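Encoded as structure tokens, the structure appears first; notes follow it.
Order of writing sets the labels: A, B, C, D and E. Residues in every chain begin at 1.
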Amino acid sequence: GKKEEAAPVEASAPVVASKIVIGLDDNFPPMGFRDDKNELVGFDIDLAKEAAKRIGAEVEFKPIDWNAKEAELNGKRVDALWNGLTITEERKANIAFTTPYLENRQIIIVTAKSLIKTKADLKGKVVGIQDGSSAVEAVAKDAMTAKAIKELKKFGDNVTALMDLSAGRLDALVVDEVVGRYYTAKKPGEYVVLDENFGTEEYGVGVRKDDADLLAKLQKALDDMKQDGSAAKISTQWFGSNIVK
Amino acid sequence: MDYILNILGPLIAGTGVTLKMFLVTIVLAVPLGLALALARISRFGVLSGAVNGYIWLMRGTPLMLQMLFIYFALPFVPVIGVRLPDFPAAVVAFVLNYAAYFAEIFRAGIQSIDRGQYEGAKVLGLTYAQTMRRIVLPQMVKRILPPISNETITLVKDTSLIYVLAMNDLLRAARGIVQRDFTTTPFVVAAAFYLAMTLVLTWGFQYLEKRYAVYDE
Amino acid sequence: MDYILNILGPLIAGTGVTLKMFLVTIVLAVPLGLALALARISRFGVLSGAVNGYIWLMRGTPLMLQMLFIYFALPFVPVIGVRLPDFPAAVVAFVLNYAAYFAEIFRAGIQSIDRGQYEGAKVLGLTYAQTMRRIVLPQMVKRILPPISNETITLVKDTSLIYVLAMNDLLRAARGIVQRDFTTTPFVVAAAFYLAMTLVLTWGFQYLEKRYAVYDE
Amino acid sequence: MSNSSAIPAMIRAENIHKRFGAVEVLKGVSLTMDKGEVIAVIGPSGSGKSTFLRCLNHLEVINRGHIEIEGEVLASTDSEGLCHYAPETDVRRICRKMGMVFQHFNLFPHLTVLQNIIEAPITVKGMKREEIVPVAEELLRKVGLFAKCDSYPARLSGGQKQRVAIARALAMEPDIMLFDEPTSALDPELTGEVLRTMRQLAEEHMTMLVVTHEMGFAREVAGRVIFMDQGEIVEARPAAELFAKPEHPRTKAFLDNML
Amino acid sequence: MSNSSAIPAMIRAENIHKRFGAVEVLKGVSLTMDKGEVIAVIGPSGSGKSTFLRCLNHLEVINRGHIEIEGEVLASTDSEGLCHYAPETDVRRICRKMGMVFQHFNLFPHLTVLQNIIEAPITVKGMKREEIVPVAEELLRKVGLFAKCDSYPARLSGGQKQRVAIARALAMEPDIMLFDEPTSALDPELTGEVLRTMRQLAEEHMTMLVVTHEMGFAREVAGRVIFMDQGEIVEARPAAELFAKPEHPRTKAFLDNML
């Protein structure tokens, strides 16, 4: 009986998106995470709420395993991915993106005592990244450095990687700037962000490729929010300045 | 200390998820396991063989894969395919998996009952079903308490696997806070919670063992 | 089919990690578990109590937390603190954890040996150590094969926990490819690999059970 | 064969054959037993005594032969040598006419003495607790164990267990009692109590078929004694005769060894 | 008390007291046994026969009293009533002078018959396999079980198991053999073989202390018979005398019940 159930979803989704289910990694501060009351908060959360309001749709945030984001989206378990989702060529094959709303760099974090000052110093070193994050592709793209480093360790999350960095088993960590800055701010003086990075990339909201209607609506809402300054306000609230693009 | 009080909220919520998962699994997997065990020892070769294969498959592959399969792949399977939300999907996977483990324990327990008990019941005129219900299964319970207790304690911790479906059980709640606050204190608190749950279970099973100790064998 | 051949490389590498983890754990945890079991049943109350507490702690908290503790927190513990690389840290955690489970199985096995066996050995002049080595332990092996077999099969799948220390076991290798290629085929292949490993283990234990069946009890 | 107007035999077994794998354990055993008769079956270990008893109440399935209990056919063999049993519900009903007491008691360890006795009357006969409890208590008084009503079997001595087993069988009101070496798992001292109970049953004209090693009991209580060896009945005669002068040399050798 | 110039008694037990919790099971039992003597211990169940035997070879620890084996002190009680045992290695050496045969055989199920017998001589005495195997084979021939050398105990009948147990004890060349109801777990038919083996040992002048229910054996083989009841020795007299006219009414009542 599953076909009957699935059919109305397909039929109704493009017409009126009365409710948008947004998939996110709820362990991804400061974009989306849980506060002490166990409620979802974060920059992307606020942004998405505002956008939904403008579309006139109800919004539901559904925590997903970030590793399974494509399956969640295309299995119609969520309608949009909105959680610091980097726009990449590979992902474009499976996901339709809005235009970028944030610019992000893949920064390199080392300990304060570290002798590593440049990308070149990573030669022969052990470098960590979060598995499934866009840092994986960013490092892979820089073939020269990728070849030079001794080992690329893929961690389940960035905190484990940072702890390993502190423990000295890891020499450097490549991570999204927004995330990296969040953590380094928690332990002032312990970490240093290198000047060089693994490139700039852009965050966008992802929807199913056949869901053109939702994409258009989200795009319009985002554009409006950028223009009337409400996006800037949210950014200032979370990052202390407006970094929205 | 204040910090611990602050994070207690999400951790208690996580414990709720863990307990809910645990209880629902136990309540469903035990009867299913018993049914599988009875099918496994039945005289119908086909049934017994099928159950045997099922048990092998369930015990031979990781529970995580089973869960991912039921969540993501099942909707595309013809006929039986159904798209389950996360909690029901996790429950189905856990129940199917643990029922296989329980079935093996039940089977061993049933088979450890002396043939004399069956013969004693038979000469009194009890049917096979009556013999099972009134004579064999009640005696089995006593014998399987230790392995069931083990499996149950394992289940408490196994529930944390539901993180792959992004549900916030105790362990994942703790990881969430660790990532938010960049400190390992939540892990220590979570460990204490797990120990407490294990302790309660251990006591529960000790009580049961004592109750069943009124008769020796 | 071609696709499966393509992804076989990383999956086989992952299987290697899984097997290495599995074998090292078994080889170390079995003797440690035996030592713990003997300590547990010894007449020295303090030793027995300490081991009891250890087993409770190890079985009561998630292996993942134990692994994180040994990897990250152990270096800061005074005296015994040591900073272990990932594989050794995982091995230590697995061995300490599984030794606790094995210890309980061994203890139950030893205690199931009839008192008459000890008395028979004693009147012949065997010391306690000789009685254990020559009479009790060899008989125990036969009885513990089924639970040990269960635990071992569980271990094969448990090894996938080492992903938290960023190691690429079979399951994680499969997940990696799934994410990269956006297809679930690698999971199916991984499941087949797990089934194969389980099958080999099952056969191995069946062989052992047959060998020990030369004597009944 | 059985004529409905005559009083049917309690047990009529004819030409029973039983194989375990390739080994023929019963090679054509026949026995007819009348109401109130007490028959003792003796013979060396492995001669098939237990197997014969177990064939009578369907604990073993025979390969050939004919079994009738109180005129009802349990199993029969057709002209082509195929053995047929009655339908399952009939088999269960017919077998309920026979109570059985095992060498190892086979009490239910998780039930108290009283519960052991009332279990089958309630479950099988559908009796009410209030009906059967007084009966059970009466039976326990009879075997001298009323005080042990609420004990679990593990707390009883072997002799006490066996007497509970007898009471349990009697609670189903069987017409025939089968005993398979009821005292051979007991210490010699505890044997007496059980034999006393069995003697009492015989005095009340219970039909009893008893496999036993207790020659004293066989001599005093049994009307007929059957000597089995190697799957056959070698001699079947009144007890006094058989013990006084056994006809067959095998019987003689066996009795010499036992006494 | 024991004079080193005289031949010491094989067993000298004096005033043995043994409590289990609050229950006093042995209330001052004394016995002196000379070389080559065969003594049977009889008495009702629970009278302390097994406990007494087990105290002699340190399977139970006494609370009070004095035990000497071939002149060596195993346990003694000082003037303040405290009981002392010899050092552990001495205890082990002294107890090795006594072989013991249990009611339930206690054979090692994972070892073949031959391995059961050679295990202790190799492990305890450090003998070589080549030395002990011929001895073991000789012993097995003696008890009539040479053909079963490579069988596992589970494949043997009860009587065979018990004879292996006897051979196993003899392989350690004890000076004294203790038997605790060696035939009471056996079918009556299988008892004979074991009793024959024990008779043979008695004929070879082995010193034997035998707890038994076999009155026939006690009467024929034992020099003295000891009747125990409620933790005390009630009567200890030559076998013929005790059976012919027991002095004590308790002995008489017991014998009447048994025969």
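Here is the rule we go by: a contact is a pair of C-beta atoms (placed from the backbone, for glycine too) under 8 Å apart; a residue touches a chain by one contact, two chains touch by 3 or more.
Quantities reported herein were computed from a predicted structural model and do not represent experimental measurements.
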Which chain is most remote from subunit E in terms of Cα centres?
A
Over half of interface residue numbers shared between subunit D and subunit E means same, under half means different, so which is it?
same
Per mean C-alpha coordinates, the chain lying farthest from subunit C is D
Averaging over Cα atoms per chain, report the distance between subunit C and subunit E in Å.
46
Taking each chain's centre as the mean of its CA atoms, subunit B sits from subunit E at a distance in Å of 52
Measuring from the mean C-alpha position of subunit B to the mean C-alpha position of subunit C, what distance in angstrom results?
20
Separation of mean Cα positions, subunit E and subunit D [Å, integer]
38
Touching two or more other chains, which residues of subunit C qualify?
68, 72, 184
Two-or-more-chain contact residues of subunit D, please, as numbers and ranges.
none
Quick one: which residues in subunit A touch 2 or more of the other chains?
67, 71, 163
Among all the chains shown, which pairs meet the touch rule set out at the top?
A-B, A-C, B-C, B-D, C-E, D-E
Which of the residues in subunit C end up touching subunit E in this complex?
114, 116-117, 119-127, 130, 134-135, 138-139, 142, 214-217
Using the touch definition up top, name the residues of subunit D that touch subunit B in the complex.
57-59, 92, 95-96, 98-100, 102, 104, 106-111, 119-120, 123-125, 152-154, 168-169, 172
Interfacial residue positions of subunit C with respect to subunit A in the complex:
68, 71-72, 75, 83, 85-86, 163-166, 168, 172, 175-176, 178-179, 182, 184
Once bound in the complex, which stretches of subunit B touch subunit C?
56-57, 59-65, 68-69, 72-73, 101, 104, 108, 146-147, 150, 153-154, 157, 160, 171, 184, 187, 190-191, 194-195, 198-199, 202
For the complex, which residues does subunit A have touching subunit C?
67, 70-71, 94, 128, 131-132, 153-156, 160-161, 163-164, 167-169
